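Each of the two complexes below includes chain A, the first together with chain B, the second together with chain C.
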Partner chain A sequence: MAFEAALETVGDEARITLRGELDASSAPQFKELVEKAATGGPQRLVLFVKELGFMASAGLRVLIFARQKMGSGVVIYVVGAQGPVRSTLEMSGFHRSVVLQDEYTPT
Partner chain B sequence: MERIDTHATHLYERYRIRAGQPYPFGATLVPGGINFSVFSRHASYCVLVLYERGARQPMVEIPFRGLFQRAGGGEPVWGEFRIGNVFTMTVLDLDPERIEYGFRMDGPYPRPERGQPGIHRFDPGAVLLDPYAQAIGGRDRWGSMPDWDFPYPHRGRVVADDFDWEGDRPLEIPLEDLVIYEMHVRGFTRHPSSGVAPAPAGTFSGVREKLPYLKQLGVNAIELMPVFEFDEFENSRFDAGAGRWAKMNYWGYSTIGFFAPKAGFAATGAAGDGTMVADELKNLVKECHASGIEVLLDVVFNHTAEGNENGPTLSYRGIDNATYYMLTPEGYYFNFSGTGNTLNCNNPIVRNLVLDSLRYWAAHYHIDGFRFDLASVLGRDPWGAPLANPPLLEALAFDPVLGKCKLIAEAWDAGGLYQVGSFPAYGRWAEWNGKCRDTLRRFLKGDPGQAGAMAQVVGGSPDLYAGRGPTASINFATCHDGFCLHDLVSYDGKHNEGNGEENRDGADDNHSWNCGAEGPTDDQGILDLRRRQMKNAVALLLVSQGVPMILMGDEVAQTKHGNNNSYCLDDELNWLDWSLVGRHAEHLRFVRQMVAFRRAHPALRNRAHFQYRDYRGSGYPDISWHGTQAWQPDWDGRVLAFLLCGEHAKNGGARDDMIYVALNMYWDALPFELPGLPAGKSWHVSTNTGMPSPRDIHPPGEEPRLADQGTCLVGGRSVVVLVGR
Partner chain C sequence: MAEPSRITVPATLESLGRLRAFAREAAECAGVDARRAYGLQLALDEIATNVVSYGYRPSRTDAVLGLRAEVSGGSLVVTLEDWGQPFDPRTRKLPGEEELSRPLEEREPGGLGILLAIQGVDRFDYRRVGDRNETVFEVRIGEGR
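Now for the complex of A and B:
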């Protein structure tokens, strides 16, 4: 499935929705959105990944990049991670650096 | 400002390239591309071979010397990308996740046929794995049957080294405070009873899920049996009768690459992504550290998976056979490892490879220490003679990056060099104390005249390590090699028929005793004795000075059915059976409490040997020896007792209770006259292996007061530990 990524800003929240397969060829597109989101100085970055079927390490690295780019004051939510995406997050240990949720509920 | 070295100077087909950097060796991500660098002293020609991941045929082969297009256009030019003996080139615009790479090499020498000796073994038909490859593809899922005709079976991959450590550092726990758990990554959670989901079962992630168990056990270091890439199918064969593969290389003491974690040990291995595999292991290390557990790696630098002159050309022998291996003048492989070849560890190139590898694991994986398989090989010169001052061992001991790493030698090799007590230590090296193991076993089974030898073990083997201290001694009763604890007390002889070598393999000097029947029995008396003997062994180990090591599975009394060399069995015999946590709960409780006892008592964890005198003015020497009569040891018997003075704990740096230990390996109960305590203190019973659970051991602080403060009756083949407070 082709990769799609969309950014919207809601108040002090940046929301990025990811669909399809996030691999080395699609990661730059995601990274661009993260950079764009960061310029608005959001308090929260919410990633909706329910329809993301696969994430390669390039995708994971953009998440790490986002973590570093946003700084520790920004909470990152990863919402709706399923199957292989969820296990990729867990095995790499990244799930500890973000808030994993099935449905988005800001805390 | 933009760097100018991100621009190509040359073109080869559609690939943009430029001269590379010789350091570091291997494939390194650099701005705009990947830098490749490989050493060969004797090769005259080298080609970089690039593949799409998993592809049978290369996407391009770029020579390090030849005619190239200029990046700016114009006539082709002659170019050579080599500095000294290092071939190096940067290829721009490669996607590190999608490529695999190798090298072809050739040299101006005769090419010996397979099976024939040869100093040089160049084979331009083979694609060679980079000795510095940080990830290796080809065996991405454990046990997934390989395509035997695949032209390049073990394939170099590139790793992005940007793992988020979040401030993690190696723990640097003092060696004397360590309790080591020797374990196999796959075996730990592969058993269906582990409760780990199928994908992570048997992987680094599986170990991570089970860290609470290890924390509860109380160990503060895990020693992972080999995790460098190896081929589990090496020397395997399909057993048609059983319908499965037999003689797998399960243990993994056969390294293919010294910088790459075993992909088949990673749940992420199936994704075919080197960085993910690396990150999975890094994540395990990070979480171990968060749980207060160090990670030690069992590393195999004595030989490689290429075997002897009949073995496959995978990497080293095709790159520079004469550099990497110890060879006879005729070109046969010296075999000090017992596995076909011997890595030429005191050649300066190989020495640097070993150092670079260990530095890499320490710096990039935050590994806390290393146990060196057949480490005596590392002290031999290129012709096999033992060196008085081996440069590699010295370099490791003084290396700045490894400065706080534990260095543990298996201080012998398969060529007859046995260096327990004499391994060149440089104030740094500890040893697997094989003599401790043998003495402990002999004493345990009641061999006469072992009390004196056992006293040395109790003291951290000052007979072996005078001047080096007890921390030079890694104490163990069992390890992966030899009987497990259950079998040590259940079998007189080995039963290795399952290995398919008619019981010829494996050691014969096991110092084991079956307690009255060989193997399984329903004789309750024998079963009770075995249970007690297992507890005795654990107690002997944990009240001795030095660094105790426990073998995975021994804490739940798992059996290997008498197999003392289970290297080739990828099945329930080797996998930890988690149902034993419930079924052998009594033994597990004892082990946990014994570890807790050790960790609660600094008097058991001295950095220096005992001085056998009172240097604290307490009225008691740091250690005193006793027998059935106080102050009267009998060095030639089956009985030993000792008193540790708590004022001398940590060589006077800490205060502890008085600790009295009575070891009665005689078959009958004996009364032990207790040494007197300072006024106001009384004896409390911590441990009595002669009592049924839960009175066999009491948690620290909950020990009941001993009724008779003058004499303690110690059952036959039992250990009693008292605390005076």
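Now for the complex of A and C:
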């Protein structure tokens, strides 16, 4: 399935919806949106990934980039991660640095 | 799948989707459960990404990747072939528990892909055959979680 990424800014939140398969060929698209989102100085980065069927480490590297670009004060939410994508986040220890949620609930 | 099936694709990141589709179909035909089928695709994707990114000299325009699948014993064995520089992923230093526990702002991104690759399958192997690298991914068939 092709990859799609869309950015929306709502108040001080940057929301990015990811669909399809996120691999090393599609990660630059995601990274570009994170860079764009960072310029607005958001307080929260919310990633909606319910329809993301595949995520390679290239996707994890964009999350590291997001954290390093936006700073530790910005809360990163990953919302709706399905089984295998969630396992990858957990196996890599990323669940300790981002907020994993089934439905988006700002904390 | 009595005969091994195979494909050859250009060694580019745009080929990753085709490689995963091949592995997904082979897993489906062989009756591999969904969790292992995903792990197989992830493992293959990570190693193929490495080969495309670092294995071939950028000046080479004829670089290809070969992929073959066969059922052997109670397992599906998928072998990725490339003709780039010798590289045994098993020799790469992997992030340990301490690195994986660090906050993202202190993370080194290296090694995560190979960690996911090795953990994604039941058996991960590598061999150099002449001028070719062969990375072997094996998943068991017909077992639940």
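Please note the rule applied: the second predicted complex is superposed on the first by the 107 of 107 C-alpha atoms of A that agree within 3 Å, B and C clash if a C-alpha of one lies under 4 Å from a C-alpha of the other, contacts with A are read in each partner's own complex, and residues count from 1 in each chain.
By our rule, contacts are C-beta pairs under 8 Å (C-beta built on N, C-alpha and C of every residue); 3 or more make two chains touch, one makes a residue touch a chain.
The model shown is predicted, which means the values in this text are computed figures rather than measured ones.
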item: Chain C versus chain B on the shared chain A, clash or fit after superposition; value: clash
item: Chain B or chain C, by number of chain A residues touched; value: C
item: Partner chain(s) touched by A:Val98 [first = chain B, second = chain C, both, neither]; value: second
item: Touched partner set for A:Ser72, first chain B, second chain C, both or neither; value: second
item: First (chain B), second (chain C), both or neither touched by A:Thr17; value: neither
item: Among 2-10, 110-118 or 146-154 on chain B, the segment whose C-alpha atoms clash with chain C after superposition; value: 146-154
item: Residues on chain A lying within both footprints (that of chain B and that of chain C); value: 23-25, 56-58, 60-61, 64, 67-68, 88, 91-94, 96-97
item: Chain B-facing residues of chain A, complex; value: 23-25, 56-58, 60-61, 64, 67-68, 87-88, 90-94, 96-97
item: Sites on chain A touched by chain C in the complex; value: 21, 23-25, 54, 56-58, 60-61, 63-64, 67-68, 71-72, 83-84, 88, 91-94, 96-98
item: In the complex, chain C residues that touch chain A; value: 13-14, 16-17, 20, 35, 38-39, 41-42, 45-46, 49, 52-53, 100-105, 107, 109, 112-113, 115-116, 119
item: Of all residues in chain B, those that touch chain A in their complex; value: 95, 97-98, 160, 162, 164, 166, 199-200, 204-205, 266-268, 271, 273, 275-276, 279-280, 282-283, 286-287
